[in-house]
Amino acid sequence: MKKWKRDKRKKGITGAEGRRFTKKVSGKIGLPPGSLVHTGDKREGGVRIRIVEYEGDRFQEREIRSLDECFPLKSKPAVTWIDIDGIHDTEVVRRAGELLNLHPLLLEDIVTAGQHPKVEEHDDYLFIVLKRLEMKDGPEGIDNEISAEQISIVFGSNYVLTFSEHEDETFASVRDLLRSANGRFRRRGPDYLAYIILDAVVDRYFLVLDRLGERIERTEEELISTPSAETVNDIHLLKREMLFLRKSVWPLREMVSSLQRCGSELVDETTRAYLRDVHDHVIQVLDTTETFREMVYGMFDIYLSSLSNRMNEVMKILTMFASIFIPLTFLVGVYGMNFEFMPELKWKWSYPILWLFMIAMAVSMLVYFKRKKWF
Amino acid sequence: MKKWKRDKRKKGITGAEGRRFTKKVSGKIGLPPGSLVHTGDKREGGVRIRIVEYEGDRFQEREIRSLDECFPLKSKPAVTWIDIDGIHDTEVVRRAGELLNLHPLLLEDIVTAGQHPKVEEHDDYLFIVLKRLEMKDGPEGIDNEISAEQISIVFGSNYVLTFSEHEDETFASVRDLLRSANGRFRRRGPDYLAYIILDAVVDRYFLVLDRLGERIERTEEELISTPSAETVNDIHLLKREMLFLRKSVWPLREMVSSLQRCGSELVDETTRAYLRDVHDHVIQVLDTTETFREMVYGMFDIYLSSLSNRMNEVMKILTMFASIFIPLTFLVGVYGMNFEFMPELKWKWSYPILWLFMIAMAVSMLVYFKRKKWF
Amino acid sequence: MKKWKRDKRKKGITGAEGRRFTKKVSGKIGLPPGSLVHTGDKREGGVRIRIVEYEGDRFQEREIRSLDECFPLKSKPAVTWIDIDGIHDTEVVRRAGELLNLHPLLLEDIVTAGQHPKVEEHDDYLFIVLKRLEMKDGPEGIDNEISAEQISIVFGSNYVLTFSEHEDETFASVRDLLRSANGRFRRRGPDYLAYIILDAVVDRYFLVLDRLGERIERTEEELISTPSAETVNDIHLLKREMLFLRKSVWPLREMVSSLQRCGSELVDETTRAYLRDVHDHVIQVLDTTETFREMVYGMFDIYLSSLSNRMNEVMKILTMFASIFIPLTFLVGVYGMNFEFMPELKWKWSYPILWLFMIAMAVSMLVYFKRKKWF
Amino acid sequence: MKKWKRDKRKKGITGAEGRRFTKKVSGKIGLPPGSLVHTGDKREGGVRIRIVEYEGDRFQEREIRSLDECFPLKSKPAVTWIDIDGIHDTEVVRRAGELLNLHPLLLEDIVTAGQHPKVEEHDDYLFIVLKRLEMKDGPEGIDNEISAEQISIVFGSNYVLTFSEHEDETFASVRDLLRSANGRFRRRGPDYLAYIILDAVVDRYFLVLDRLGERIERTEEELISTPSAETVNDIHLLKREMLFLRKSVWPLREMVSSLQRCGSELVDETTRAYLRDVHDHVIQVLDTTETFREMVYGMFDIYLSSLSNRMNEVMKILTMFASIFIPLTFLVGVYGMNFEFMPELKWKWSYPILWLFMIAMAVSMLVYFKRKKWF
Amino acid sequence: MKKWKRDKRKKGITGAEGRRFTKKVSGKIGLPPGSLVHTGDKREGGVRIRIVEYEGDRFQEREIRSLDECFPLKSKPAVTWIDIDGIHDTEVVRRAGELLNLHPLLLEDIVTAGQHPKVEEHDDYLFIVLKRLEMKDGPEGIDNEISAEQISIVFGSNYVLTFSEHEDETFASVRDLLRSANGRFRRRGPDYLAYIILDAVVDRYFLVLDRLGERIERTEEELISTPSAETVNDIHLLKREMLFLRKSVWPLREMVSSLQRCGSELVDETTRAYLRDVHDHVIQVLDTTETFREMVYGMFDIYLSSLSNRMNEVMKILTMFASIFIPLTFLVGVYGMNFEFMPELKWKWSYPILWLFMIAMAVSMLVYFKRKKWF
């Protein structure tokens, strides 16, 4: 049972988790720029396209088969949100690019995993890439590790286009919000919707931090009470998670602030004020990430010192036993010698006196060690 | 008794203190932006609203039940300070926002714990968030740990609004100052009052540093005189305090200097000069924090080297005992053999000569170790 | 066999690999600035000059003997790519400089190995230096190490000039692309061709990262399952690879972004947009490099802690054996003494009782160690 | 004697030295801004006010009782230097502020210890705070530690005002310079005098570095020849000194360069050129500080490795003794057995043959260890 | 012999080398600014002044006794290079300052060792300070250490003035270049000559890096094959060299780039292009320095882990011996007891059976250790 757990942990390092960092990143070499080849994890099943349209009081939600069904986009005031799950079907991405006249390199970015979070300003639209983080449950709650999914957001004057591979409750919660919201939200433009999506994604980061915080606490408790070789493995895995988290979160800061400062007219003043709020959230996430990091790195030092401490304990026990009995063994050895002329051997009280002497010796050693606080 | 202390310490790491870093930060996911949900520690009891009004010689202080009692605000020259303790009652916060026309995201920041210290410039008012630090006493003075409380300050042309969850003597000291002060302070505007409050909060940081400094000193003395596994735990806890302190203090610097440089007309030139003073104080706090940090990190190295040193001592004792007695035991073993033809056994002086030889051997070993400075 | 492998590894450090960092860098001291002396690794065989010309539908590819064959350059709209392999023949480089009127210091940079990746803006042309990385296979796949080759690109209004010492499939793949591509690529200017070359070079970096990632994984697996002195050597070699990679990659970022922002008219707007894509790729490479680096550095800590752990194990075994048998040996020694008056020796049950007592003692020791979780 | 030294060292850490970092910094909490409360070390004795006046050939030096004796300041061209030792008498500071119309916060800075070195530009005067460093002698030259004293310089169009608590030869040397100098210095304004004072203070830093350098050298020699637990303590104390020095020196750089660039007309062009020289000196001090720091931090690593080395030596001796004698003891134990049927016991040559065998065994072990280079 | 080597090494640390960092830097305290006191190492022998004049085809080289011989400077177009070796003769420096009207603080910088490399722009001339590095040979090639010499360059519209204490082949090589060069170099102004000198000095840095690289390689080989306490000393010395090198090289970057960007008309456009080349070289030097640094720091980790590894080996041998023989010794002790009723003693086959049992026990222990891969 314990072994099984250890195996899992080992797999944790070199298996799926390790892959996160060392996975093939070279699938597209030799192709001309702008080629659409999907390089991330692939989901089972077909593409799913969801349309949400709203304008003031009007609100409509439906699922379509082909992108062409919703084009050309309706009259200006309405906002159309087209959510495409399943970017492994590069044909759909290509078609969306065609219909909205998007830059080929942008389409390439959408389908290529491992993009750095960023904002790109184009003439008619803005393009945002970021990561959606989630804490995946392992069996028994041990191997829960962070998984990241790339999300792309394109928004123009009257539409928001989102791409991802897997469906997820983050977007569902945004739909809920739109559905339930009074007219207030719906009166705003696509930039506000993009902000709502961004905010929802960043908010999930706090969930991941919560779970990670619990795991750090659990590992720390284990470290203090029963440190073992597995604990150091856990610390190692936690370091990895921190590495992964940092890599996803750091560029976000730059991304959000460049969105705030961008010159495009697509983002109006009110939305910019809201983006400041997202910016604050990102900084909080960063802060906590850094704090966690320092905590995890500090744990390793404690582990090393506890190892040294234990070695000290073991050495002390050995030294005590050896120091007490080695001289005594020598003494009894002396009276085991076969010399003919050893007067002590004939004396009547030799034996009990020797015993007394040996006991006294042992006791004084013990007192000495006691004074040195060895036990 | 000792065990109890150790338990306390362990709890120190994974209990309330650990919570400071890993506490739930995700209470508000899925809500629309601007929702008022209180996420910090909750105080027992109701809200308490204190009003201080002054204008030159006039000075009035009272406590009210409902915010509406003091609105609309009096004529311009007077400064009204409304101090609200108990932000868990989000209704009061909402009402304050309504009466003074504050931005909804600002209200959200007020009630959400874990804000980064910052300044926000709005058209009619300035918004300041910062942390009030305090050193909480643990039993026996061991577990005193830093606790932080979020304070929000909003000030406009003739009012200052402060929000916090718990009452605290910092604000009481500001009230004392206002009460006792001659007209000099009272002739100045709300920006000066905001400065006085800021200064009072930052001044308390020095108290925390004092207490922390004492604790560092105590731990260091312990480290030099009687290092133990508990010392390393104390060092670990101190590292945590430093982490926590840094996290609270670093953004303060940016905050104060952006307040100094802000373009708003609400902060007049005289007050800016005073803010430079606060800025200097913050830098002093930062400096001391960094120095403490280096000191605490250096302690761990000393602990490790003292561990190695002790291991060396233990090994030396073992080696001395073993090196002296193992050869002697061999020798007496030789003369315990039962061979029929061992001429030495028959000689008369064999036994005393052997003794002399063995003593000489032991003494020469001791001299050798003495020369190597082993004891 | 194993020894052979270890020897290989040692050679890995101080042999060819070590050379990468500590190789002679001082070949040219005392010469006037602008002297052409080749200082990199020298390839066998002569120079090879390949010409590719295209303009819309027209596409021509040939190999020439002397640079003069393709000068003067054809009419403006066509793009001529002159690829020179074998910069050890400085005469060819000098001649190219003469024909295209290049700055003497630029020619010196081309033939001098160890240039920092950079962009230089001149009036009529732009000069780019960068490294082409490759993972060289060692025997048995152990010693695969990164090798870097310096590539120089000069491009003007209607030509692209590339210099390198060794031939390589990167440029071949660019030629394939040009050959197969529809008119789209061919309609663009030399700046676009330079971008294609840059992109191809940077794309290869991902291949190197893939190989490195596999090697890191393999080393980590070895570290967890069977750590040995060779593992620490492998980690050391990996650190070196990271050092080498970083040194090549970091300046690339600055290089690409200064190419993007350069004021020259030789780079048109469309190409700048494509360069942003290269910039993103470079940042991804950097990111992965940094992550790998942290992973490799973390491995060393794990190795040290596993060493300490093993030492602990060894000490425990020693201590158990010694603690159990040393007291027993003392006891049997007691009854080996030759005193005349030892009443126990005469008793009938002494011997079996002693055995029982000794067994009881050993068992209780074992129970004690079991409780302390020593085995 | 040795113990006494060790005690001194321990006191070094937690006593006066420790105080430098952890001393009470919170004496003034709750007071209104601008309150004059002296918070540094207090000198015995009263205030001492020295006046130096010069203008071209005229030069006058005297000591006065009350500040009022030298006010109002003489005609413009003359420079009056008022040097006040003893800022614990806040009344004198207050009076000086009154007479020269200084800002109340400035006066507060003068009497509050622990200011960060800085420059403040006011309309009619400039305010400079910095530290005067000194190497205090401990008994036997062991505990010499750096002590810092805060100096404040205020200079206007025709006066220079300096404040410090203790008298010191730095200012005496400046007075000597003024007294002996030909008219050249005296023809310049108060800004030049302020520069001379600044330069004299910074020059003293080199003395401190010299002393520290000697101490580092001494500790290093000790580390190489006879490393002990006291050496690590010395290294720890040196780290502290470096920490203290850095804290005092780093802000100086910013301070001097902001004085150089300040817009005030009080500093003329010639003096600015001289300030560049002070700036260079500060950078040299910084450089040396950083180098010393790296040296001291490197020492700790050497200490740790020497500890490990020594442990290795001890273990080798133990292992040699044990490995040689334990098998021999077993052997002689064999022939001490009392079996009735042990044929070897009867043979005549058994005993000498056993001795030969045992000697051969011991010698071969020694040869083995010799080959492994254990001694 | 070996001891002698070790002594040399120790001296290496605390002797001349240590002096480089901790040498007296405080020779000038208390003197007025602008005092000329030489503070570097002093060369034996008098000053040597070399004059090189050239203008197009004209080229003249001579050595003079007194500076006055070459003043006033010839007609404008010619370039006069005055090279002064021996700055300990401050009178010559003072006279040069007088003749060329140089700023007194500049002269002070020339004769004061330990200047930070820098450029100073004055109205009529530019002032450059930098370090000339050299690898000094120690006996047996062990103690080769980097030595630095301060060089000052002043150049105006038609002259270049260089100051150094010791003669050196760097300047000789520049003279060679001038002598042999065709008119090309000679047609350029003093700024170009200054560049040539700068370039020659920086080129020498590569020589130092080469030598250092070889030493690093040698130390690394030693570390892998036969690590010893002396190796750690070598690593320590290498760290020092890196420290020293960094200190000299880092400010060079800033220096060269500020020379490139300086507004002075004394540096014309062509020369600026050449300075870019020097800048690239400096960056290469920096890069290699940083790489070497990381390599040297990594070595220490390897040393520590090899120490731990060796300790493990020693412990294993001890544990094997003890674990095998301690139980056996106990067994033979049992049959050495003198109980009257020990039936086994009478049995005929007891003795050989015991032997068989003991051999079986020892063999099974060995098999066990073999399986654990202990040997």
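Per-chain residue numbering starts at 1, and chain names A, B, C, D and E are given in the order in which the chains are listed.
Operating definition for what follows: contacts are C-beta pairs under 8 Å (C-beta built on N, C-alpha and C of every residue); 3 or more make two chains touch, one makes a residue touch a chain.
Quick caveat: nothing in here was measured; it's all calculated off a predicted structure.
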### Task
Spell out the chains that contact chain B while also contacting chain E.
D
### Equivalent interface positions on chain A and chain B, same or different at half
different
### Query
Using mean CA coordinates as chain centres, what's the chain D-chain E distance in Å?
27
## Note on the structure
Whole-Å distance, C-alpha centre of chain C to that of chain D, is 43
### Task
Any chance you could list the residues of chain C touching two or more other chains?
304, 308, 311, 315, 318, 322, 326, 329, 333, 336-338, 342
### Task
Select the category (line, ring, star, complete, other) that matches the graph of chains linked by touching.
ring
## Note on the structure
Starting at chain A and stepping to chain C first, the ring reads A, C, E, D, B
#### Entry: In the complex, chain C residues that touch chain A
173, 176-177, 181, 185, 196, 199-200, 203-204, 206-207, 209-210, 213-214, 216-217, 220-221, 224-225, 273-274, 276-277, 280, 283-284, 287-288, 291-292, 294-295, 298, 301-302, 304-306, 308-309, 311-312, 315-316, 318-319, 322-323, 326-327, 329-330, 333-334, 336-342
### Query
Which bits of chain E are touching chain D when the two form their complex?
10, 13-14, 18, 21-26, 28-30, 32-33, 103, 105, 108-109, 114-116, 118, 120, 229, 232-233, 236, 239-240, 243, 247, 300, 303-304, 307-308, 310-311, 314-315, 317-318, 321-322, 325-326, 328-329, 332-333, 335-338, 342, 344-351, 354
